Every structure is written in structure tokens, then in C-alpha cells.
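Here the chain labels run A, B, C and D in written order, and each chain numbers its own residues starting at 1.
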Amino acid sequence: MTVRFGVLGAGRIGKVHAKAVASNASAKLVAVADAFEKAANDLADAYGCDVRSIEQIEEASDIDAVVICTPTDTHADLIERFVLAGKAVFCEKPIDLDAKRVEQCLAVVEKAGGTLMVGFNRRFDPHFAAVRKAIDDGAIGKVEQVVITSRDPGPPPAEYITRSGGIFRDMTIHDFDMARFLLGAEPVAVTATASVLVDKKIGELGDFDSVSVILETASGQQCVITNSRRATYGYDQRIEVHGSDGMVAAENQRAVSIEVANGKGYTRPPLHDFFMTRYTEAYAAEIAAFVASVTKGAKVSPSGRDGLIALQLADAALKSAKEGKTVRLKG
Amino acid sequence: MTVRFGVLGAGRIGKVHAKAVASNASAKLVAVADAFEKAANDLADAYGCDVRSIEQIEEASDIDAVVICTPTDTHADLIERFVLAGKAVFCEKPIDLDAKRVEQCLAVVEKAGGTLMVGFNRRFDPHFAAVRKAIDDGAIGKVEQVVITSRDPGPPPAEYITRSGGIFRDMTIHDFDMARFLLGAEPVAVTATASVLVDKKIGELGDFDSVSVILETASGQQCVITNSRRATYGYDQRIEVHGSDGMVAAENQRAVSIEVANGKGYTRPPLHDFFMTRYTEAYAAEIAAFVASVTKGAKVSPSGRDGLIALQLADAALKSAKEGKTVRLKG
Amino acid sequence: MTVRFGVLGAGRIGKVHAKAVASNASAKLVAVADAFEKAANDLADAYGCDVRSIEQIEEASDIDAVVICTPTDTHADLIERFVLAGKAVFCEKPIDLDAKRVEQCLAVVEKAGGTLMVGFNRRFDPHFAAVRKAIDDGAIGKVEQVVITSRDPGPPPAEYITRSGGIFRDMTIHDFDMARFLLGAEPVAVTATASVLVDKKIGELGDFDSVSVILETASGQQCVITNSRRATYGYDQRIEVHGSDGMVAAENQRAVSIEVANGKGYTRPPLHDFFMTRYTEAYAAEIAAFVASVTKGAKVSPSGRDGLIALQLADAALKSAKEGKTVRLKG
Amino acid sequence: MTVRFGVLGAGRIGKVHAKAVASNASAKLVAVADAFEKAANDLADAYGCDVRSIEQIEEASDIDAVVICTPTDTHADLIERFVLAGKAVFCEKPIDLDAKRVEQCLAVVEKAGGTLMVGFNRRFDPHFAAVRKAIDDGAIGKVEQVVITSRDPGPPPAEYITRSGGIFRDMTIHDFDMARFLLGAEPVAVTATASVLVDKKIGELGDFDSVSVILETASGQQCVITNSRRATYGYDQRIEVHGSDGMVAAENQRAVSIEVANGKGYTRPPLHDFFMTRYTEAYAAEIAAFVASVTKGAKVSPSGRDGLIALQLADAALKSAKEGKTVRLKG
């Protein structure tokens, strides 16, 4: 069975998913939609598919699934519309920046018996997935402490900050999902510290650019997350999991792994420049997992609920940073 | 301009090249040919192209270039036929196991003004290419010594040995090409030592499985190559170049770079299992380079002459190993 | 000038310091004291020095300085006695487990114009010192975030826990000092999470074995510390400092750095087994720094005040962990 | 039992051995001799021992063993004299630059039943010793191929070249010994290539500065050695041993192992600057092994014969490089 796709949104991340769909042997890219005609046409030309309107894709009998890559504030509405239209839905994170709105949306999806997968791409990175597998294989015993390092090469433009929901909801949210993925249990306490060290403008917009977070689960497992909007040496993405019997870690990745040695020392190149190059394989594997679930009628993962919980952790972290105290969750 | 391709041979390496062609935005896979009907059909199905006979491809007006992936003993004949038919030719190494036959073939290509690129895929590996670039950028000064390590995970079947031309012509030939690529000058002396340490059957067939080679250029630059048909830890492929101002090296590659630590120590996974996984990017980049050259009407590289010289070095190494003395070449 | 030493306490750490003194070309080990006669005799035999009582060392005219390696609850008294006796004092951390008592002791030292250096050995580790030097040299710009990993190979005996002051005052205290050393500014806020994951007995004694701490300075710099009383792969001691222009990190250390590769992967040996082997060079450098300061009449560092502040941070961390909120300090 | 030592020669390497003797709990440095009075006095002052003439040490009843660190051309004579005087002898390599003279000397030692250990310090490096131990423990199966990299930071002064016996007898000789140590069998064939790439003056003096050597044992095991008198990034000392079941390697060593990351990449410091810093631990362990053998009356290793065979391999390599053919040895 081939899953026939419509891609909504032909921007940066839309292109990534369109490529993943087009390259997948069990998927077919049927149509792409975008308010900007040129963007839609270019993407359609590149992969030999139709340009259609969102309405046309909604009503199309030759489309089984959609990938939602439109602006964040349209996600929840589109999820509802397409689930009700009987399409399997893959939506880029977040579902919405407001947890209440996410809950409403998930209620609609549930009532409709719809399929909704949320785009936490890092779970599908082969290195991070191998860490999870090592844990599952018992390589480190019971998970006790998780350390996540996530640093962007540079800060986003101010314009982006204002509609991103802030660093916790935009950037740390990936680490919250990764924490849950690795801890194998729900955090019940969140403590966060947030500063403006990189760019004063970010502070003027009410956001932070450098944060440190501690999560704790009911059994006392801990996860430490450090984030920064600056890393001169590239996109720093590391995880480290300590268990009762040992440790497993995933190193950083770079495009070429050569080393030059001279009187100044031994130098390896900087890391990947950002998520588009760092997570190339993850994006392909993510769509492959979605396709496989849809094909088998299996449950998708990460689910809408995974998206909701990560957002709730982000909200709690923001509250913790502002109030200077640990925020407890139901878990 | 799109280069329209026929792929001759639908075996293991044929599939690799067909995929590279199909994935290349400036190339189109038009047809595939193979004596085994099923192999040809499977490959054609996978990429939505025709199955045609070699004769049909030779005469086709909708095909600009061919990739020759048939058995070695057919290479020289097919190169001549397709060059005479006006097609640009990419041929898997080697052109032939007999240097005389290669010279004849190259004469035909030259007389016809044909285009012939030989498949030394490693030049296109991003890591090895970055080493070459570092040299070109002056990072290590003048090249003085090159060290190449190339170890297969396990020996090939005896049946393969008999028609491979022996370890020097089959395996070390890649390292001879890499040596020339990195030295930037022609070796004028070859000294080789060869043993049977891995598999007695290989010795009974008159071949070796473990070799060490020293090349020297006219200016005294040296290159050391070590080969083995056995490496329990995966496909060991390393290069190291020493120059007057420093050193540049390319590390081994593995599918996932995680590390597990426990009472036994820190363990990273084995390397890639063989060339199909190790050189995935190289095969794609190789076809891309061929397509780019054909499109621009530029000279292809590595050329048929590169194929010839690597073979001559292999012949010299075999002679050296057998006679226990350095063999001098014209360079 | 040679500094003539008495060593008080001939236990595990006393031996370390006695060796450091004996090996130092500008120092002379004159006498050792210990309540256990055999311990004192053994150490005196090993280095050819006297066994004397604490009183005799106090009154000795041939002794310029003492190293205090007796049980923690005697430190403050001995510091006061020996400072008043005109000796330069090097005291193993902590001065006392009670910050008030430390303050009294420091007041005595100050009034007497005495010399008191506190044994935070890690500042003298050549790798960590090189990190500090890289910061001073401007290699990473302004320090923004510090990440400290400190994991013991295994938990101490229960008996030790009861008189250690708990994990924050015994173990994390080293990391608090390292944080100050690397941040170059005083923490003004401490947030800690503490769990019992390794050994239930530790919890029954009212202590923790796994902690995560975030420190923040007035300018918003952050430091994250993770501790565990368990690391199956050896003594895990890493630091990582992120600045406006880059990052500098110190890797773990092992006794031998070989690597074995086979079908299971690439394996390096476990890390050093504990602080005695890991910080051998640091202990020697620490005494050398003390000797150099005494010789030159220069200020010692880390000082008694450094010992006090680290203890105050430990107290604050304990309070934070128990109350679930950030504890603010004067800084 | 304490072994009482005289050290002959108070130059650079004499100081190293004097320190090793003085620091060894089972050894005592009694006297030092040197033609340059100041050198002898300085060394005697540093360790509180006598200055004596060579004759006085020869006749001394309070000296059990000597370390010969005088110029090379005095080694054989002094070995004979001190063995005949009943002293255990540790001699820096080489015994002599002339293999015939070495044979005579060893005959004298053997006839006298004397004890002669030769200073191949690298066998005692903890990393290289751990490689040997891994082989002995069966970690890699049967040894098949050895790769030795040995590169000096810079060329020695011309004056040194003239009396060194040339690169093979002075520098590669260490690698020949290491090859034997790791192969566990005698090389029966030597093939060498030698060039002048670093310093023309070296060539004018009839020597080489860049060499590559292949050794082969009777069973076909191979060892590849590459040497250069230039390595801008420090003292490059690596070994790699491939066996039927896997590989074991020893990495390079540096004084501090920090890493700085910025826009130019990830940089670790250069390696140790030369053998004095790189092999500190090896020199101490070497003397410790000598002392232990003398104390137990056990056979010393490496022996005078080990010194002879390494020299014979150096002679063979020089002959091979000059004649362009493999030189066969009795093995």
C-alpha cells in the first residue's frame, strides 16, 4: 500500500517533509498547497506533483494523509479540519502555543477517531534512537539521570521571537520531549533558570536566550537541560543517559570528520550548521514511521498527547523561571 | 540539461548506481539492461524505467550516457561499443585486468574523442574529499608521507578470488588511486609484501589476503598502504597525509556514533559493515560529478588513464611481492 | 628557601599530602603526627621524617607550615591553634561542616594575620587549570554557562555518610568551588533537586545520592552541576564552559588510553578508579602552590573564605532541595 | 633489598635516569660521574649523592649497579668494564653502532655471566605495555599486522646526525624493537624506503629524514613503520596491532587534554613536545623493572641480544633502502 500525501505549506520545513515523502518508497507526494503561489509551484515542479488549494486537498479522494507545515497559529484548525475530512495528519510541532487550545484540538481528534502524529523529529535521529534502543536493551540498567545539551548556532530574528511563544515553547520543547523519551516516565517537577546573555533584544521582547532546567519524575529520576541561542562552533545536540549499570551518550555530528594537526593543535571542523543538515536522516525516518503506522493502521508516536505534555512542561518551566520556585505537575 | 542514462548490469553495484542516477536532479534513469531478466525487471520497477537490451540502449536516441556495471571481463568491450555509439561512459573499475587490453581500449576511446570516467568512488567520499581540499588549501604544506589503511570486514568467497585478478588488482587498486589522489604526483617505485594470514584457501588459489606496500615518487614522497581481508570491527578505511606544515586525516565512519560506558569500559559500535553502507554518499557524489562533467562538456575525472595507472601499480606491486625487490615505473 | 612541614593525620589523604611535600624540591617533610601510632610510624619510615605529637609540632621551631588531614571535626580547632602558633596552614576541605564555626575560625585567622589555604585540589588539576587559563586567554569570550559533571564510582560506607555532612557539603562542595573558579563571579541563586536512586541506606540516613543543581550569578550566568554516587565506568569528572565566543571543555582521564576493536565495537578502558589516581598531579601542584605562596609571602588561594562560600552554597542547595524553591544568596 | 646505583654520564638522559633511580623506593643513587665537573656536581646536588670518577665507581663496594648514559662510542667498553667489575649494567641504547662490536661485547658479558639490560624505554610506556598485555590476554587473537608511527617534532642538529649512525640506527631502532615486542616473532625480511624531505643538510651528511619500512616474519606477519624527523603538532608516537580477532591501538599523548570549540572548529592542544615529557612514566618503569630483576636475580629484558637484533634490523633497512631490494635475515 502506498500512502498518498498532500503537503500544506511549502516553506523551509515544508520542503524538508516534501522531500521525505517523495523519497519514501511507500509514499507518494500528490499535491502541495501554499498561500504563496511561487513557493507551491517550485516545490511541485521539484517533485512532479500538483499544486492545489487547502480546500481541494481536504476534499481530494486521491489523498490519504497530510503534512501540516503552515504557520503555527493555523495548526490546530487544520488538524481538526483534516481529521474530520478523514485524512491521517502529521503536524509539525507545536499543535498550538496555548495548552487549552491543544486540549480542545485533541478532543476533536479523539472524538473523530483520527490519526495525529506530532513532529518531534529528534526521536528519529539514528543516534538518539540508538541511545533509546541501548536503554531498552538493558545496556545501562535503570535510568537515573539524563543530561541534554541543545544549543542553536545563533539567535533567530526578533520577528520570529515574538510569534514563537518564547524559548521554552519553541526550543526547549524539543528537549522536554527528548527527556520524556529517555526517562521513560513523566516529569512531576520542573525547575528552570532563564537569562538573557546572547542578545539584549530578546530580553526586550520578554524572552530569554539561555536557560537551564531540571526535571524530576515521581521516582526521583532527574533530567538536566541546558539551552543557549548561541554556539559559535555549530549546532550542539547531545544527550547522555546515566543508569544503574552504566551510561550511554550520543555525540555531536559534523558533515565531515577530518582532523588537521599542526603547531596550534589538532582541529576538527565545526558541527552541522543547524537542524536542516543535522537532522536530515531524522526527518526521513520520521515520515517513514508515520507512513508505516498509517499503512498498518497502528498507533502513531509521538502522538498529539506527547505534543501537549511537552507544551505543559514548557509552560511550567516558564512559570518556574519567573517565580523562582519548582513547579509541580500531575505527571 | 538532464543527462539521460542507461544502466548496464542490475547486480549489487548496478543498483547502487541506478539509485544514484534516479536521485540526481540533473539525471534521468531511462533504461536498465541485465542478462538476468528478473534483476533487470526489479530494478526497473523500483525506479519506473524501461528494461532494454544492451543493443537497444546502444542504439537509443533517448539515452546520453551509460553506467557499466557488468562483469569485469565485459568492461573493455562495452566501453568501446558505447563510446563508438556516442554515449558518455561511466565504467566501474577496473576497465580490464590486463593492462595491455586497457591500453587498447583507451586508444579506441581517445580516437573516438569519447568520454570515459572510471569508478574510483573513494575520491568522492566527503571525508576523503575534504582531506584533498585541506591539502589544496595549504593546511599541511607540501605533502611528504601518506598512510592508507584499508581492511575489508571479511574475505570474499573463493569463487570471487579466481576472477578478481588478485588482491592487488581488486582491492589495493583503490588505495593506489587514493595514493595518487593524495600525493599529487606519480609513484615511480613500488615495493610490496604479501602474505596469506586470513584464509588458506586464498593462498591455494595463488592470491594473498594481507599486504603492505610502499610507494615512492620522484621527489621522494612516500605512501604506505596496509590491506587485509579481515577486520572483525567493520570496514576500516582511513587516510592520513603528512606534510611540511602538518597532518590531515580522515577517521573511520560508523552508522551510529553512540558510546556505552560501564565496568568494562567505553564502547562505541563497530564501523560500517562494508562499502555499500560506508560509501553511500560517495556513490551519489561520483555520479553527480559525472553528470556535471557531461552537462558542461568538461573533462571527466578520474579518467580511463587513472584506471590504467592504478592497474599498472597493482601489477608492479604483485611483481615486487613475488620477486622481493622494488619495482621501478616510468612515473 | 625551603618550607619545613609537619603533616597532621597519616590516613589516606595524609599520605597523599606527605608524598607531595616529600617530592617538592622547595619543601621538607620534618614530622608527621597521628593518634594511631602505627600509621604515623609507617608514614615517617616511608619518607625518613620524625613522628611527633600535635603539641610538639605546634611548638617546633624547625617547622614552618602544617598540612591538616585529621578528621573534619578537628579542622577548625587545629587551624586556630596552628595559626596562633605562627605556622602557615594548609587544611583539607572542609574547615567545618557548620558555616558559623567556619566564620569564627576565619575571624581568628584574620585577626592573627595567619595564612590559611583550603584544599580544593581540583583547581590544580592540569586539565581543569588549562580550562581556566583558556578562559583567561580569551579563548571563549565572556563566560555564560558552565556544566560540571561529577560522579563517584560508588557510594561511601554508611558510616561515612553520617559524619560527612551530606552529599552537598561533602561531594558537591568541590563542584561549587569549581563553579566559582570557572564562572569568575559569585552565585546569587541556588536551585537543587536531590534523590535517592543508588542506595536506600543513604536515604534512611537522611542524605541523597543523586543531585542536580543550577547556580546563577547576578549577571545571569548559569552553572549546572550533576552528581551521583554511582558510575560503573569509573570516576567521572568533566567540566565544560560556554562563552560568548566558544566553548572549552576538559575530558575525562584514564590510566591507559588504549582501544580494542572487535565485533562488539571499539572499547577504551574505564576511567581512573577514584580521586587518588585521578588527581595525583593536582595534589602535587596544590602543595607546590602553597609552598610557593608561603615562600614569597604571597596570598594563598583558595583561601579560607573560598572554603566558607562553597559551604554556604552547599547549605543553600540543601535548603533548596528540601523546600522546592530557589534560594537566594547575597553573592 | 635496595639496589645501590652509580650513574655514568650526567647529561640529558643521565638526569632522567638519575631521577628514576632516586625516586625508586628499592633503589639508592650513590654516585654520579661525568667528564664535565659541573654537570656531575649539579646532578649530585639535586639528589644528595656523591660525585665520583668512573674508576671509583668501578671499584666501589657500595655500588651494585650502573646506568650508562655516556656518549655512544663509550658504551661497549664501559659495559665490559662494569660487567667484569661485577656490577649489574643498564645501558642506554645503542650498545654500539657497529653490530660486530656489539657481538664482541655481548660475548664478554655472557662469558662473565653478567647482567646487561638495554634501554628500550618504550616497552615500559604504560600505554604500549597495555597493548602488549591486551595481546597476551588474547584480546585480538593471533597477531597479523603491526603499524608503528614515530615522528619527531623536528630534526636534530647536523652535528648529532654525524655521530648518530643515521636515522635507522638512531630513530627507527626504537621501532624495530617495538615491532619485535609486538609481533612476538623475529622479522626475516626488511624492506625500506628512505628520502630527504625535511632538511637538505641531513641528505648532504648522507642520512635520510623520512623513511618507511616493512618487516615480515617467517609466518608472514607484517609490520609497517613510518618515520619522519618532522611533526609540527608534537611527538607522534602510535602503535596499532591487528590480529585474527580484532585490533588494539595506543593513541598519542598530550600534557593537557582540553578542547576549545569555536567558529574554526574543535581544537585540542598539540602532543607532548618530545621523549622527555612523553616517556616520563616509561623511564621510571624501566628502571623499576631493572631494579626488580636485579633484586630477584631474574633475567633482564630487553637484553643485550635485543639491542643487537634491533641494530641488525637497522643495518638491513639501510642496505634495503640503498639497494632497492628486500634484505633477508636469519630471524
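Everything below uses one rule, namely that a residue touches a chain if its C-beta (ideal position, glycine included) is under 8 Å from a C-beta of that chain, and two chains touch if they have at least 3 such contacts.
Protein names from UniProt, one per chain: A, B, C, D = Inositol 2-dehydrogenase.
No experiment lies behind these values; they were computed from the predicted model shown.
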**Request:** Give the chains in contact with both subunit C (Inositol 2-dehydrogenase) and subunit D (Inositol 2-dehydrogenase), ordered by label.
**Result:** A, B
**Fill in**
At the largest C-alpha centroid distance from subunit B (Inositol 2-dehydrogenase) we find chain C
**Chain pair with more C-beta contacts, B-C versus B-D** = B-D
**Asked** How far is the middle of subunit B (Inositol 2-dehydrogenase) from the middle of subunit C (Inositol 2-dehydrogenase), if each middle is the mean of its Cα atoms, in Å?
**Response** 57
**Message:** So the centre of each chain is just the mean of its C-alpha atoms; given that, what is the distance between subunit B (Inositol 2-dehydrogenase) and subunit D (Inositol 2-dehydrogenase) in Å?
**Reply:** 41
**Request:** Spell out, as numbers or ranges, the residues of subunit C (Inositol 2-dehydrogenase) touching 2 or more other chains.
**Result:** 232-233, 245-247, 261-263, 269
**Request:** Provide the residue numbers of subunit D (Inositol 2-dehydrogenase) that touch subunit B (Inositol 2-dehydrogenase) in the complex, in ascending order.
**Result:** 144-145, 147, 149, 151, 189, 191, 193, 195-198, 210-212, 214, 216, 219-222, 224, 226, 228, 230-233, 236, 242, 244-247, 324-326, 328
**Request:** Report the residues of subunit C (Inositol 2-dehydrogenase) in contact with subunit B (Inositol 2-dehydrogenase) in the complex, numbered from low to high.
**Result:** 232-233, 261-270
**Item:** Touching residues on subunit A (Inositol 2-dehydrogenase), where the partner in the complex is subunit B (Inositol 2-dehydrogenase)
**Value:** 23, 25, 46, 126-127, 130-131, 134, 139-140, 245-251, 253, 255-263, 269
